[in-house]
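Remarks on the structure that follows.
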Amino acid sequence: MEEFIRAGDLVFIWAPPKGDSFIIKATPGGRQDSRLGQLLHDDIIGMPFGSWAYTNMGKPFCLLRPNIQEYSRRVRRMTQILYPKDTGFILVSLNIGPGALVVECGTGSGGFTSVLAHFVGDAGRVVSYEKKEEYSLLARRNCEKWGVAHRVDFKIRDIAEGFDERGVDALFLDVPNPWDYLGRVKETLAPGNRLGILVPTVNQVEKTLDGLKDHFFFDAQVSEILLRYYKTNSRRIRPEDTMIGHTGYLVFASNVLGPPDLDPDGGDDPD
Amino acid sequence: MEEFIRAGDLVFIWAPPKGDSFIIKATPGGRQDSRLGQLLHDDIIGMPFGSWAYTNMGKPFCLLRPNIQEYSRRVRRMTQILYPKDTGFILVSLNIGPGALVVECGTGSGGFTSVLAHFVGDAGRVVSYEKKEEYSLLARRNCEKWGVAHRVDFKIRDIAEGFDERGVDALFLDVPNPWDYLGRVKETLAPGNRLGILVPTVNQVEKTLDGLKDHFFFDAQVSEILLRYYKTNSRRIRPEDTMIGHTGYLVFASNVLGPPDLDPDGGDDPD
Amino acid sequence: MEEFIRAGDLVFIWAPPKGDSFIIKATPGGRQDSRLGQLLHDDIIGMPFGSWAYTNMGKPFCLLRPNIQEYSRRVRRMTQILYPKDTGFILVSLNIGPGALVVECGTGSGGFTSVLAHFVGDAGRVVSYEKKEEYSLLARRNCEKWGVAHRVDFKIRDIAEGFDERGVDALFLDVPNPWDYLGRVKETLAPGNRLGILVPTVNQVEKTLDGLKDHFFFDAQVSEILLRYYKTNSRRIRPEDTMIGHTGYLVFASNVLGPPDLDPDGGDDPD
Amino acid sequence: MEEFIRAGDLVFIWAPPKGDSFIIKATPGGRQDSRLGQLLHDDIIGMPFGSWAYTNMGKPFCLLRPNIQEYSRRVRRMTQILYPKDTGFILVSLNIGPGALVVECGTGSGGFTSVLAHFVGDAGRVVSYEKKEEYSLLARRNCEKWGVAHRVDFKIRDIAEGFDERGVDALFLDVPNPWDYLGRVKETLAPGNRLGILVPTVNQVEKTLDGLKDHFFFDAQVSEILLRYYKTNSRRIRPEDTMIGHTGYLVFASNVLGPPDLDPDGGDDPD
């Protein structure tokens, strides 16, 4: 059942004992430098996944399948990126899956664009808006490397001008002022579907919640995810000494056509 | 761009101000009871997603698209289920996406089976092993309700007898004693690919790590995810008073064909 | 080295296997009802601490020394109380110890007042302000029960009128609008000493930080503490399923006489 | 109400905008170097607490009262130290306060010894055991600097030989193998009183719990504390990007004279 590495394949190489690791594109004549020595791509090409290659210092790297978790957090970047702890939860919360039509803004370095494009499959589509051309171009290259750029429309535009799409399955905003675009979001996101937002500060959460209420988004949920890694020596199991303390707050809410007609006798204030 | 609810559609209904909510299958003549009154399915069918329906007490429910996050944590259950905070991270960590062939054990109530089947799409396949027939049957019904049962092979069998599949893209174990099946996992999971495991106790983490080392799984990662919800009144933003304190520890590791040939001069002990 | 329980002693009684527990004042003729049966105080008086007493159903309770952690979270209450996870950190952060003169507002149910009075000792003094007489009276009773009420001045007054004390060692505010009293705090807290504040929402943190800046408090620190309990079966160690997700944000800052004279050539903005 | 700094006083100096800070002993002729320039102690002596002093680069430091929280985490150290998040909770959990007789082992660098000696006051006593003389000497110097060494007996000894004290109010173990000393603890800790233990790994928690059960300690509690700091710009409130992910697990349990006589008809297994 072994599968052999071919030129052009992405390979996730990982070395004991410290976990030095890289995602490389196997390229004839290529090489990977590391503090454990130099690894020649020609020594990798033709080897089965799951086997070992050795540096010129005799140090072993195992040849693993890359995965979107490791890939998305290692993309070349010019911007802050979304972390796997958050991306996975966004996927399930926005119901993104094969065949979905998803809009995101901003593109940034394209780490999350890669994740979205991975999960919508060839039957789906991602439309990714970004004001800065250099970010969009970087993101395209990052998606190309993962082999999913063909599923993405990269649009270089300020979303204050609106989105081109209508009736989309899910929409994700990673911008500093999401509350300014909620009217545009309502034009674009299919009624009944969910919007996702990531903002780093609580002040932004406050403004976002006010905006969502004003624009008749309901079922707002605000959350944050803490991911805690453990040391893996089975005789000394304990959490890592330091951890990421914060990336951002996740806000989800559903697009509703308008406010309810309230029961004239009821005292409940919809919230 | 509105889409109208038809008989047979799943609908996620949500009511202010407390967020009472249900996922229902719109059925002519059906009704949903709640503490806010009775909602007739016939009042929902034909309405657009994103609009409101009213109970016999005049209370509004908005008619939302169901999503796999809300669905998976609301399935009818006989067993403990996986939570969305964990499922999303498993998806990205195991590189599960459209077209993947995934094996899981045990099926349990099928909440995670639904998630897997959702994300592999029609081009993918999930094989789900379970010893207890009643769990497997319940899981099938839960997958049917979400419309993805056709992507799943439900096998009622003890995996001590081994898995039928070979070269699978990802494998997930949610069993009390995963260390007992790691030899079987190695036969089944394609070399270079990742195994995921969920165990609730640290004692199980310890045995799992020892088993992974013995069976030449490398790049072991142990983590736990804490999801913290916030109250959504923008004038009084604060975390919820209580939260889920623990579901389980997530362990990921990669299937390697064997140990490396260590540099005879090197002192490093692969770990 | 055994010490025998006398009438009037507080006793912390604790029963296996579920940890049913109470803090009782041993009183001739008294009795404690529980779901494990009835315990007669007369069966406790004269027994050594660390021994067992039995209910009329034959169930054992061990007779332990009460401690301020268990006491402070079990006080009779009319208000939200401070939790031990927070009180301990406040003590060390505000340098409260034997001999300290501490002012707090509001008194509330007196759980934290008991803690403060415990730690300042007979050489110290706690002044506790509260607008509502019924809270203050309850707090006094809770401090009396712990034997420290003689160290406390209970003042029933709105602190908008100011504090009577000057040059105090530490000051703690647990009120909804601490920013309104910072001028009063400056009159009272010795220069160079620390103020502590607990507020439940992030909106209050925002206003508090602005107020602290306006009133020349420096070295502001904002934090929150998460306490996570574990199950104690050594074969199945794992965190408890649910935990307290939030009590409040702790803010500390130091009272400085005024702003610095900034270096006319320096560009730094003190923060 | 100002108080003036005298030679020999400890002063906590803190500088905007980044919070550069030091705890210094004001010494005629002394100076403090920092990246903001040099501060002469002679410019501090005679100034009031709460005022500002300036470096030779014209940068301001405010002159604050030191507190045990800042002190204990800044002691000169040769060993891992206890953090304020843990020390405060230990104090309230072990009922340490004015007049208490407390035993700890090991002394380490004396950060926690300083805290204990601070809180027991002149009426209390701390006995601190340590095998390594150099640690004990360092700890003594750290306690002297805080002015509390006269409340401490520093004993250089392996506690396998037992403790000298009997009937102590509280006992704290910060050693790698606490389970080996529980018999010795029972001789020393007054019946009915609490033992506290800090261990970094879950494997140690497991052995500790078994040992506690074998030695008839009851009411075992295992917990961990997470302290999360926030950025203090009121327009951009958010948790710090990184945080301490782990220091250790705290275990508390009460010393009971022996097992209960179980109800012959009862099926409960004390736990």
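As written, the chain order gives the labels A, B, C and D, with residue 1 at the start of each chain.
Keep this in mind: contacts are C-beta pairs under 8 Å (C-beta built on N, C-alpha and C of every residue); 3 or more make two chains touch, one makes a residue touch a chain.
Note that the coordinates shown come from a computational prediction; the quantities given were computed from them, not determined experimentally.
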Chain pair with more C-beta contacts, C-D versus B-D: C-D
Chain copies touching (subunit B, subunit C) - same or different residues, decided at half shared: same
Mean-CA-position distance for subunit C and subunit B (Å): 42
Distance between chain centroids, defined by C-alpha means - subunit C, subunit D (Å): 19
Sites on subunit D at which at least two other chains make contact: 202-203, 205-206, 228-229, 237
Subunit B to subunit D touching residues, read off their complex: 202-203, 205-206
Of all residues in subunit A, those that touch subunit D in their complex: 200-203, 228-229, 235-246
Residue ranges of subunit C in contact with subunit D within the complex: 1-3, 14, 16-17, 19, 21, 48-52, 54, 57-60, 62-69, 72, 84-85, 87-95, 97-99, 115, 118-124, 166-167, 190-194, 202, 205-207, 209-210, 213, 218-234, 237, 249, 254-257, 260-266, 268-271
